[in-house]
Structures are given as C-alpha cells and as structure tokens.
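These are the structures in question, set out in turn.
Below, chain A partners chain B and then partners chain C, in two separate complexes.
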Partner chain A sequence: MNDSVYTQLLDLACGAFLLAAVVVLWLRQLSSIVQVFALQGVALAAVAGLLGVHEGRWDLLAVAVGIGLLRAGALPHLIRRALAAGTPPPTRHYEEDVSEARETQPLVNVAASLLSAALLTLLAYAVARPLVELDPTPATSALPVGLAVVLIGFFTLVTRRRALAQVVGFLLLDNGITATAFLAASGVPLIVELGVSFDVLLAVLVLQILTTRMRAAFGGTGIDDLRELRD
Partner chain B sequence: MTHATTALLLTAPIAVPLATSAAHAATGLRGVRPYRRAHAPRHSAALAHRPPPPRTPAEPARTTGSTAAAGGPATLTGGPPAAPPGPPPFATDGPPAAPPFATGTDTAARPLGTWLGLVSPATILFCGAALAATVPDRGPVTAYGRLLRADALTVWLLLAVGAVAALACAANPSHLAHERADAGAARRYNLLVHAFLAAMSAAVLAANLGVLWIAIEATTIVTAFLVGHRRTRASVEAAWKYVVICSAGIALAFLGTVLIYYAARQAGISEASALDWPTLAAHADRLDPAVTRLAMSLIVLGFGAKAGLAPLHAWLPDAHSQAPAPVSALMSGVLLSVAFAGLLRYKVIADAALGTGYTRTLLAGAALLTLALAAVLLLAQRDYKRMLAYSSMEHMSLIALGTAIGTPLAVSAALLHIAGHGLAKTVAFCASGHILRIRRTARIGRVRGLLAEAPALGTTFGLAVVALLGLPPFSLFASELGLARAGFTAGHGKVVAVALVLTLVSFAALVTRTARMVLGPPPEPEAVADGPVRLGAAAAAPLVAGLVAAAALGVATGPLTRLLSAAGEIIGRH
Partner chain C sequence: MKAIGTAAVTAQVVLVVAGAPLLAGTMRQVRARMEGRAGPGVVQPWRDLRKLLRKEAITPIGTGPAFRVAPLLLVATTAVVAALVPLASTVTPVSGSADLILVVALLALGTVALALAGLDTGTAFGGMGASREMTVAALVEPTILLAVFALSIPTGSTNLSAIVSGGIHDPVRLASPAGLLATAALAVAVLAETGRLPVDNPSTHLELTMVHEAMVLEYAGPDLALVELGAQMRLAVLLGLLASLSAPWGIATTASPAALALALVLLTAKVALLGSALAAAEVFWAKLRLFRVPELLAGSFLLALLAVTASYFLTGE
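Up next, the complex of A and B:
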C-alpha cells in the first residue's frame, strides 16, 4: 500500500468515525443510535487496522480485531439487550410513541445539537494544533477528529435525557479517546489497552444493570426523574 | 530485603483482598439458591477472569484455606430460618428497637465476616509497616519488572488505606447484622468491599500510569453496587450519577494520560517505559510543553472528579450519603485520597516539564472553588450524612491547596491531612450509620439530644466532628497549621487567607449542626426512661480506636516522621 492510498483510506475511516458521532446527535430512535454506534466501532477498528498495516505491526492488527469485536459487537449488543428489556410489545393500532425507545426531550433540540457539533469540531481543531505540530504525519493530522468525538460524546452525555442515550454518550467519549491514542501514538501499550477495554465493558455492564433497577424503582429510564437527591 | 520478600510485600496487599473476595464468591457458588439475582454470578465470573495475581506462596494460600474451613458451617446453616446462635454481636436495648435481625445474615455473616474481614486490612497494614521500616532509608523497591513499585508516598498511602480499612471492616459485621439483608446480599457486600480494597491497593502500588488509571476506574465499577446496595429510588439514583460522572470524568484523565504517552514517545522514550512513572519523572523535562499543558488540564479535571474537586463533584454527596456507612467511610476516608495521589504523580511530571506555576494555578483554582461550594452547601445542609460528605470536599480541597503550594513541608502536611481526615471521617461515618439506625432519619433537625439518649455514640460522633473541625489534639489541627505556615512562608498568603476564611464558614456550619444533634434534650423524654442506648463493645471498638489513632497522630508522628518527610520530598519542589 503506497502512502497516498494509506492517507486517503485513513482520512476516509476518520471521516466515517466523526460522521457517525454527528449522526448519533441527529437521530432520536435509540435502536438506530445503537446501530450507528456499532458502525463507528467498525470505523475505529479500521483506523487501527490501517495503522497496523502501514507500520507492518501485526500485533496492532490483532488489537484492531479485538476493538472491532468489543465496540461493534459486544457493547452494542449489551445496550440492545437493555433496550429490549424496556420496550413494550408493539400494539396494532397507531399510538404516539412515548416509550422508552425514543429520546423524546433532549435538553438541546436536534438542530441546535448539530450546530454545537460543528462548533465542537472547530474547537477540537483549535485545541489540537499543538498536538499536530509536535509530529506532523498523516495520522496525527487526523488527531482533531478523535478530540471532536470526545467533545461530542461529552455533549451527548450532558444533553440527552434517556439513561441509555447517556450510556452511548459515554461510549462515544471512550471511542474518541481510543481513536486519539491510535492516531497519536499507534495505541497505548497492550496491557493498558486490555485493562481499559475490560474496564469499559464492566462499566457498561454495571450501567445496564442499573438501568434495570432504575426501571424497577422509577418506572422508566428518564434522567429527569432522578430527583430524589438534591440540596 | 531479598527479592522474594519484596515481591511478597508488594503483592500481598492486592492478592489477599482479592483472594478474600474470591472466597466470598466461592461460598456463594457452593450454596446455590434459586432466588439469587442474575448479576451475582456474573460478578464472580468477572473476578475470575481478571488476570490472576502472581501468587506468593505463604499468605494467599493460607487465607483460602481458612476460608474454606470457615465457609463450611456458614453454608450448612446459612439457609433460612436457622435460629441465630448466641447473642447478636451488637447489643442495643434502646426503645426505638433495632429492626429484627435477619437470621440468615447473622449465621452467614459472622464466621466469614468478623475474622476473615480483618485479614485483608491487617495484611495491608503489615506490608505497609514492613515497607515503612526500609523504604525511607534504602529508597524505593520494585517487583515484577516495573509493574509494582513502592516509594515513601506509596507506603504512606498503604498505611492510610490499611488503617481506614481495618476500622471499616471491623464495623462491617454489626452493620450487616442490622441491615435486613439476606445471606446472599451479605456475601455480595463482603465480596465487593474486599475487591474494592484490592483495587485501591493496586492503584497505590502501580508504577505504570496506565495501570494506575485502570485500578482507579476499577474502584468505580466495584463500588457502584455498594452505593446502590439498598435498591431504593435514592440509592439507585446515587449509583447512576456516581458511575456516569466518575467514569466520564476519569475518562478525561485517560485522554490526558494518552497525551502524556504521545509526548513521551516523541521525546524518545521507548514504548515499554513511556508510561512508567519513575522513567517519566526522570525525563519529564524533555516532554513537549504545549502537549503536557493540555494533558495536565485534562488530568486535573479527571482525577479531580474522582477526588471530589469541582467542577465534576456532583456525584459525591449523593454517593456518600446513600452508601452503607462502612462503605461511605472507605470512599470518603481513602478512595478520594487514593485518586488524589494519582494526581500527585502527574504533578511531578508536569512540574518538571512546565515549571511549578501551571499546576499550581489549576490546583489552587479547583481547591478554592470546591472550598467555596462546600462552605455554601454546608450552610444550607439538613442531612447529616450529606453534611459529612461536604466536609470531605472541604478537606480534599485543603489537601489540593497543600499540593498547590508545593513545598516539601506543604506536601508533608497535605499527606498528614490525608491520614487524619481518613481516620476522623471513618469514625464520623460509622457513627452516623448507628445514628441512622437508632433514629431512623438522616435529617439533622430530627436528631436531638443524642448525648442524653446514647452517651457513647453521642460522644464518639461529637469527638469525630471535633477532629474534623481541626481542633487539637487531633492530627487535622497539626496538618492545617502546617499547611497555613507553609503557605505563608512560600508567599501564597492571599490564597491561604481566602481558604482560611472559607474554612471558618464551614467550621461554623459544622459546629451549629452537630451541636444541635448531640446536645439538648432528647425528642421523646420517655425514651430515656428505660436507660440510655448502649453501643456494645464490638461496635464501639472501631470508633474509639479511630479517635485514639487520630489523636496520637496529632500529638506526635513518632517513627512515621521520616516516612512523611521522605514522601514530601518526592512530590514537593523547593
């Protein structure tokens, strides 16, 4: 693979990665959000795989496969399962869909969310300038994409009012960090990568169990219902 | 010290709690009950999947052996409804009677709980003490390549974790006996508490900054179900906020770590040692300043979230007020400090790369903001467990302020503050658990005349708050004095003066609220008619021991002085 093809493929994968994060902000149906999140996992694995091929490091390819399995397979599966547990069976006649499966009332509406995503991406480019200047290569030039996804993930976490949408926000944040690690330094050492992936998996498991309990205690998974504790 | 002894001393604080936790899981697997919740086996499976800690021959093996012996009768008699043999460990004959004891808990929790529970803290304390005897003189020791490492700071924190864990674990059996928990819930609780201790030890002993991060995130995962232990609306809400805010916050710290790694690789440090703290600290002057600056902001934000510093502090009062009392004690007493110690390690790197000014500004800003928030919210506080939680935020910001001042004296004072706050806050939280049980309310306004109704409990709670206020003879007095002196000597008089004023506001709020709780006539005079509520030796012992230790540390640090100043030298800069 020559350099220009590598650069173009890398930019394509990073573009898909960023686009997936923006689409998550655009969609309201939680099941579609999870689908887009899984596609983002594929894009992330592709970034890692491309770096592995370019540097001729086969261990990186193995890591890419692992990341793909975790972020495009296991994590979306866990969220889908939590989603299925809360969705009532479909009724025959038309009803307004006010169930758990939709992000009905985000704190910031969709148009404003997309505008914020654009601003956050600009911010990421501004912040990442010293990072790119330290070692300008095709990979580090794409670093702002990782930071933009981190910021968009944080934004999702803060503005979405369904428990599972918040989980997706947290995972976007985490995908962004992993992408940053790959683009900046071809990934962190293997032991750290393994530990981090394991922690993320457990954290999502914990959050899944907590949504079940939240449903049992509050009768729903709206974050706005969490009003027991305040000063 | 031979190589094998070192490896043993560094492994045991992680391996023994992990083995204890596994033992609790194993007793559960043997006595399978149909009604067990789905996530309990998943958790034990998760623990089993963890890379097994390199076993050292002597201690872990012995632990598992004694567990098997102790576990036998527990599972045999664990089924309901076996009559509890003998008197309950916690004698109350007060009128607002304690809830009826869950018989299953009593039999299942005691043989495993009381003695096995103390093995892990004792191991951590013992290893800390053994290392304290050699490390200040001969320098840091490492094991397993460069995976585990102990310097003076590690040893100091190990001792703090061990001491607080000993008090909290000693309070566990009486707490469990009074919860209406079944045997399964008690087992899950013990399993998670010991896994929590293992994660904290790992965070303290890790030499690799990536492993440090993994261990700190593991504490969040393990404590999530401890916070949500009661499954009420409030505790589920607290657990959700805790996991979401802490995980997202600490993820930012990981981004910072990744950026440090990037800078280190660009500075020519090899992949294997680019996250190794001693290597990084030695070569930190080669890191790119712009990247390090960005990384350090993220790290202060992220580890600050876990240490209870603003702006990501919102989880703290909820989680600390909803967790069971001994867990609140552990979380408030040492988990905050262990997370802060992570920040201390990065401070050394950032100071060498950027000079001291940058981190100082960040830390001092976060400290003053947190202090102001804590003071305002303490003034309006009506719940005594939340009051203690906000007091933790106040003390963590004082520790952050000491670190911001940054001279060896200031850092030593901050470390002394960590230990003193851990001990005093443990006593306060454990006592608040007993108050909650006797009065069945967490509202400050409804708890009056504690001293008249339960003299021992009222005294220990009152003294713990006196210790938290920073009055002599307790060690927080010595450390606050040290912090103020170091601040004025180093020429940061204005910041210290602002901090002192804010501390005074918190002081006033704590005094008035505690006085209302402890003093005055009891709400129902007839309650005292049949004699005061006795605390019982088993429940009182940890409270008294904690107060005595805090006072002793305040009078003289004795043999620990050298350790403390050595730790101050590692982090502090002249």
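Up next, the complex of A and C:
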C-alpha cells in the first residue's frame, strides 16, 4: 500500500469517525443512535487496521479485529437489548410517547448542541496543534479528530437525560480516547488494550443492570427523577 | 477563442432559461409516476408559463415599486449567476469575476427582493412567508459560503472557475473527507435555498406550512410567470453548481467547440439525473416541522464547518 493511498484511506476513516460522533448528537431515536455508534466502531477498527498494515505490525491487526467485534458488535447488541426491554409493544390507539426509545428533551436543544460540537471541534484542533507539530505524520495530524470525539462524547454524557443515551455518550468518550491513543502512539500495548476493552464491556454490563433496576424502581430512566436522596 | 467563450456564456444562460421549466416538469413527472399517477407531461410548466404570460398584468391596490420590481430582479440575478457559474466551461470572458461571494450575494439579492415584495402587499400571508423565508435564508447563506470555502482551500482561491478546474485536474480532492462533507452540506443548503422538501413543500397551498408560496400569493399573470420561472431557474442553477463542484468531469477547460458541446450535453444529463433523484427521494420524505428546520440547517452548517477544519487537519502534509 503506497503512502498516498494510505493517507487517503486513513483520512476517510477519521472523517467517518468524527462524523458518526456528530450524527449521534443530531439524532433523537435511540435505536438509530446505537446504529451510528456501531458504524463508529467500524471506523475505529479501520483506523487501527490501517495503522497496523502501514507499519507492518500484526498485533495491531489483531487489536483491530477485537475492537471491531467489541465496539461494532457486542456493545451495540447489549444496548439494543436494554432498549428492547424498556420499550413497550406498540398499541393500536394513540398514546403519548413516554417510552425510553427517544431522547425527547435533551438539556441543550439539538441545534445548540450541534453548534457546541462545532466549537468543541475547533477547540480540539487548537489544543492539538502543538502536539501535531512535534512529529507531523498523516496519523498524528488527524489527532484533533480523537480529541474532538472525546469532547463531543463528554458533551453527550452531560446533556442527555435518558440513561441509555448517556451510556452511548460514555462509549463515545471511550472511543475517542482509544482513537487518540492509536493516532498519537500507534496504540497502547496489547495487554493494556485488552484490559481497557474488558473494562468497557463490564461497565456497559453493569450500566445495563443498573438501567433495569432503575426502571423497576422508578418506571423510567429519566435522570431528572433521581435528584433527591431517599431511603 | 473569445468567440467560443462568449458562445459558452450565451449557451449556459439559454440552457438554464429554456431548460429550467423542463427540469421542473421532469421532476413533477418522476414524482407523479412514482405515486402511480399519469402526470401532466414534461412540458407542462412551459404551457403554464405561456398561459400566464398571455394574461393581463394586475397588481393589488397599495403595492409599490418593490412588488413590481421583485420578479424582474429575481430572474435577472439568477440569469447573471447562470452566466457566471462555470456550468459548461471554465474559460469564459466572465470567468474572472465568477467569485463565490459574488454568486452567493446575487442569489441573496433575489431572495431579499422577493421577501420585500411579500411585505409590500401588506397581507398576513405575505408577511408570514417573508419572515419565514428570511429565517431560512439567514441560516442557509453561511452554510453555502462555508461549504464552498472548504472546497476553495485546496485551490487557494474563491474563484469558482479555479475551484472547478482544480477538481478536474486533481480528482482525489473530491473524495477527501473535506470534499465529501462540503458536498453534503451544500446539498442540504441547496434543498433549503430552493424551497424543496423537507424544508418547504413546493406544491402546497396550506397556509400553515407554506414558505415560498405564501410570499408570492398576490402575484398574477406575467409577474407570476416571472416568479415561477425565477424559482425554477434557481433550482436549475443551484443543481448545476452542485454538479459542477462535486462531479466536474466533462466541463470544458479549453476553448474548443467540441468540448463545449460535450460539456453542455453532460451538464443537461447531470442536472436531469440530480433532479430526478431528488424528485424520487422527495416521494419518501415528509416536510419537517418549521421549528425543526433550524436544527437541520444547524446540522448542515456543522458539516460545512467540519469540512473547513478537516481540510486543515486531514490533509496529511
């Protein structure tokens, strides 16, 4: 694979990675959000795979396959299961949509959060510039993408009300951190990567159980209902 | 050399003026066929225009010059844009002035003229339509500017001819993330600017939903014909601009008659294809609620901004 094709493909994968994060902010339907999140996992795996092929490191390719399986397969599947458990079957007559399937009222409205995402991307670009100048290669110059996804993920985590949307925000944050590690240093050692991946998987499993418990206790996962401490 | 350039400009303007109603007719025909109707035929918009032009010119009592000048201004600005934009050839006598900011300003001038005409009638609908149109326009103009700005960064010039010929000579530029994002943002902006679904429904006359139609409700006869022609020409020019920027192959970069003829045929084919695809997609779309429109436009603005930033940090150099 020659250098210009590699650069082109890496740029495309990074562009898709950033775009997926933005689209998550744009959408309201939780099932579509999960789909986009799965696509982002594919883009992340593509970044890792491209780096592996370019540098001739086969362990990176194994990591890429693992990331693809975990982030585009297992995690979306788990979230979808939690979502299906919380959505009542459709009724014939009209009812107000109070189910968990839609993020109806984020704390910041969608137009404003899209504009905030634009600002966060610019911030990431400004912050990453001195880092990129240390060693300007195609991979490091895409470093702002990873930082921007970290910031957008954190923004999602803070402004969404539904527990599952917040889980997706947390996973976006983690995707961003992983992408930053790949782009800046061609990935962390295999054992650390494995540890992080299992950590994320466990976190999602725990959050899924927590969501189910919340729903059993309060009838919903709207975070606003959880403001007071009770015994 | 010079004669060919002049011929190219003339051909572009004539093609846009004559072809815009046919484009609208094709889009309606595609839509009708997909909905299982027979459809009125491709030349129906021309028949409508002929019928309207034969009627007596009537203006409502109390309207001033703004109402009378607006249709002429709309058609004139769009014709100038059709002459400037490199639709068929990049070497024309006016290609030096085909500046991006000038083109956007000319389009905005037409929009503003029509909105002033809507206010001039003093009716509730005119005012409502004008205010909605201005809201949409205020959100769309920065998106168009940013999207084409993103495409102009690799060329280093805001001249549209330079951007298009740069795209022909270096096709990798079009497939870069910046190019793709800018094209997507520009496509949404074109939909909003020309008042198509999902921003505005061009075939509705329901008072709560219409935007463009509410503004021109008081027009009749030849004036209405000009307004309709102007709207159709805008659609043709903007689709042509989108085609030139995203798929510039076939546009003449030299002053030879054969290349120009081929470019005109390809331009017709590209715009007809884009229009048919848009009409086919519209069958499956619903109009967005008016309060959701800013959301869509903010999204496309973000795409354009990402395109600009991406062309800085993803160039790989």
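Just so we're on the same page, the second predicted complex is superposed on the first by the 225 of 231 C-alpha atoms of A that agree within 3 Å, B and C clash if a C-alpha of one lies under 4 Å from a C-alpha of the other, contacts with A are read in each partner's own complex, and residues count from 1 in each chain.
Criterion: a contact is a pair of C-beta atoms (placed from the backbone, for glycine too) under 8 Å apart; a residue touches a chain by one contact, two chains touch by 3 or more.
Computed from a prediction, not measured in an experiment: that's the story for all the values here.
The superposition on chain A brings chain B alongside chain C with room for both. In the superposition on chain A, contact of A:210 is made with chain B only, not with chain C. In the superposed model, A:22 makes contact with chain C only, not with chain B.
Touch criterion met: A:196 reaches chain B, while chain C stays clear of it. Residue contacts after overlaying the shared chain place A:173 against chain B, while chain C stays out of touching range. For the superposed model, the angle subtended at the Cα centre of chain A by chain B and chain C works out to 150 degrees in steps of 10. Residue by residue along chain A, chain B and chain C are tallied for touches, and B comes out ahead.
When the shared chain is aligned, chain C comes close enough to touch A:125, but chain B does not. Of the two partner chains placed by the overlay, only chain B lies in contact with A:188; chain C stays clear of it.
No C-alpha atom of chain B lies closer than 18 Å to one of chain C in the superposed arrangement. Across the two superposed structures, the residue set of chain A contacted by chain B and also by chain C is empty.
Chain A meets chain B in the complex at residues 127, 130-131, 133-135, 150, 154, 157, 163, 166, 170, 173-174, 176-177, 180-181, 184-185, 188-189, 191-192, 195-196, 198-199, 202-203, 205-207, 209-210, 213-214, 216-218, 226-229, 231. Chain C contributes residues 172, 175-178, 180-181, 294-295, 298-299, 301-303, 305-306, 309-310, 312-317 to its touches with chain A in the complex.
Those residues of chain B lying in contact with chain A across their complex are 39, 42, 46, 50, 208, 210-211, 213-214, 217-218, 220-221, 224-225, 228, 231-234, 236-241, 243-244, 247-248, 251, 254-255, 257-259, 261-263, 265-266, 271-272, 274-275, 288, 290-291, 294, 317-318, 321-322, 377, 380-381, 386.
Taken in their complex, chain A has these residues touching chain C: 4, 7-8, 10-12, 14-16, 18-19, 22, 26, 109-112, 114-115, 117-118, 121-122, 125, 128, 132, 136, 138, 141-145.
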